[in-house]
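Naming follows writing order (A, B, C and D), and every chain is counted from residue 1.
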């Protein structure tokens, strides 16, 4: 069983990229499965189904999506083994810039789109910085200059990753990306495996559903802002 | 590479001026350039780093890797492509294409055919340096050689720049700021002069001038096309330029092609515009997914091109009149007499 | 509205066929259409709702509100705009514009002027129904009346559809699926027939045909322009169409304008294309932020237009030859004799 | 002191929309302040500064961004009062689709872009469904048909909100949006104020920095996936 984690901001085109890449992967691995992590709802499983790819969906609902991911990824792997898959691809919505589902020794892909602006690679955090491969989407509707600047910025944020432009609609670049996926080695269980970076922490009353604002309702791991004016504001 | 970590950044910056930029990008401001990267990184607060999603090890190893890559980027700027060879494969019905085409810097090749005939497939084959492993079975070689696995994927689209009608500038910056950012990412030493040259050149291509301060997103269709062409010609590292249906009348097409040729680009252009098509040295006629004919532009066609350019010139005059708010009061029949 | 909550959904669906669609959109599947919305919502699991970020109260109140809005949407389809009046304000130097223009369904007005002259500002004034409260001080009235505060912001851009060179289709769907989705959102009863009509019409405008199954994002420049025009003419609820620099040669411009006129649209078009400009009934020449002249297209200009269309026709013939992979072997001078 | 909460997915154009709206608001309110919430880093304060708007930045770092917001928003209000502002606008990155910073009685704006696809309004959750006004951006680069479908989908997700198309670059539509902001009434303190919807919950070992995968490391509020195949997958 091979495993690859794919993460990226919402609407970056993760599902489309995985579907186009799977076209090439299918020539090597006969059975490919996907586990799609999302928050409230998703209809992406229908897209996978249409593309002939087995998929399960995990919705974190009112739980922190990152913690939900870590608590379930090994179960996903066991499910995929039972189903006899050759490769399992996890797609996680990568909602919070602070989070990252990437696991040590498991190929990690980050999908971002170049419409998001030149500052985005800097802002995305561990999900991009700890990835082995960065797939950049939506390059077909921005200028060549913006593509080049964007790819430079990605390289600055993560000089170790290879950067591949992928068109989620035509599939251009997906062949190249499939090579990154095929570097996965066999993994039997994730029991004891380590995340590449910690997920966001949280223990405060809001973690258990508190809805009222005010210091009386704040206990535990609460962090208070420092009101520095713009000149010194954090970068 | 350990010695780099123990060299004062002021010294590193002499060879790698963008090294400061790297620290800025991870949110570290350097108070004293006499410090070494090791000292700077060691002094960072672990908890603050954790908050930002960083670790010291990562910053160190990324810093070294970034300098390596940037140096490589500089050297690839000098990498030269003498030729690109396309060896035919098969059309959709499996019929062999039987052609081999060698493209050299300064060549302009047009691609013609109906929508769906397979033009984008050909462009895609070039972009990924097909090795009989794409649906068309074509082979694409650089300098007469097949790129081996690692090279092929390392290049990361850097050999090919693209330009199409669908492309817009989307960043919210001024023309000057953005072109400077592009020049900086190319490690170009004299950024100011380069930016000026690109803008001057773009203004020559566009009918209407814009300045350093104009916002990218406020450019007219013709102006942004012109800027894309000038930038691609002068700032893009890619020796091959793929142009897809770029027929916008707001650009001086002849000058645009002359510029790309002067900058030693290999130009592949998908177009149905008669003037553009005849400006190419050759054109590939595509049908049913395959290259059906390779047509060399001959004397007869070139004579026709001159007439076409006269007609185009007249149409441009009418545009200028319209733009100025004039009435089009002229004997149109006489106006179009050649 | 309480009675709606206690009516079986099967009964509600007769008048509001999209009510099922609402439940689907919040992830509720209805097993038995004899149930009432109240019963369906009451049976939902609170914890599952909380997980999805819903509450029962919200679903109920949103359901009722959605039916109300959908009914309103249906009725506004019949809302008629007999005229749009633009009363001049001031140019950038504060000089009064001194013009009043009344536009009626079927009118085509062109806007000409250099980049930065103030064309987009005029289009923006119309879009927000300026009431002397925009930088130009212009007033825009509908049916001779100023829209009062609530009306003005309730309309939410619905009076104005826009079409520009920068616009692309971005959704990953087939032409047919998407146009059906658009028709459904307009509450159109016979979706199938409408979709067919839009596609047929778009194919008449584009040189090359596409089908129901073609992916939106695979359309050529001309095809997607053609589909945007056909869809805007036939499916958009907006009586006013603003067209910005849409000169793509892949579309039959004359037919496109005829279609918009036939569908009783008020067309405002910013263009420098002589053919398009002369096809308008009038054109506004803009300079320094103000309307400097209102030019009526007269007989002389219309005579010139005929010649221009002949020239254009010839250029189209050359394109067709190119596309078919032919050599352009003809006496070009003779070819262009009028 | 008036307060307005603005939230939206990353890269939707929130900052640009607020800056363009502030141009019109300044005619009514002489002093406007912004508090920008983000995760790891942001350079948007520079954009505000360039536009002459006072701004403080709050970075949640390794804390859950939503919880960080609730714990700090009243302090922000007090800061703004002390500075003598007439209006405070909070911009939060709206990272997780499950979250929503909107507070009862405080005007709530959601910014989304129509490039995100027709399914997005359905997926965005409470941040969109509990908003009073939805500002839709990037309408200038998609077709009229897509704009109309998108606005219908937004209306389906939140029939009570008004939908306004805003161009963050030219400012078109910002005048209309400024009317929604000016509906804010005076508020003195948020002590005891209620969120419109609960923020995501989380108490598990991953909340305190655990990085190892496996059931031994999972305690507390852990939710396990159900491996239903695609036919029955959640929608």
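Quick notes on this structure:
Basically, contacts are C-beta pairs under 8 Å (C-beta built on N, C-alpha and C of every residue); 3 or more make two chains touch, one makes a residue touch a chain.
Note that the coordinates shown come from a computational prediction; the quantities given were computed from them, not determined experimentally.
Shared contact partners of chain B and chain C comprise A, D. Centre-to-centre spacing of chain C and chain D amounts to 29 Å, using the average Cα coordinate of each chain. One finds 37 Å separating the Cα centroids of chain B and chain D.
Distance between chain A and chain D, defined via averaged C-alpha coordinates, is recorded as 21 Å.
Touching two or more other chains at once are residues 27, 50, 52-53, 166, 168, 170, 172, 218 of chain B. For chain A, residues that reach two or more other chains under the stated contact definition are 40-41, 59, 61-62, 97-98, 115, 117, 122, 125, 141, 170, 197-198, 234-235.
Taken together, the touching pairs cover every possible pairing of the chains. Only residues 9-11, 38-43, 45-46, 48-49, 54-68, 70-76, 79, 93, 95-98, 103, 115-117, 119-120, 122-123, 125, 141, 190-195, 197-204, 206-216, 218, 221-225, 227-230, 233-235 of chain A touch chain D when the two sit together in their complex. By the touch criterion stated above, chain C contacts chain A in their complex at residues 27, 50-53, 168, 170, 172, 215, 217-218. On the side of chain C, the complex with chain D involves touching residues 21-22, 25, 27, 50, 52-55, 58, 61-62, 65-66, 68-69, 120, 124, 127-128, 133-134, 152-154, 156-157, 161-164, 166-172, 178-179, 181-182, 185-186, 224, 228, 231-232, 235-238. Those residues of chain A that touch chain C in the complex are listed here as 16, 40-41, 59, 61-62, 141, 168-170.
Within the complex, the chain D residues that touch chain C are 97-98, 100, 115, 117-118, 122, 125-126, 129-130, 140-149, 151-153, 155-160, 162-165, 170, 172-173, 175-176, 179, 197-198, 234-235.
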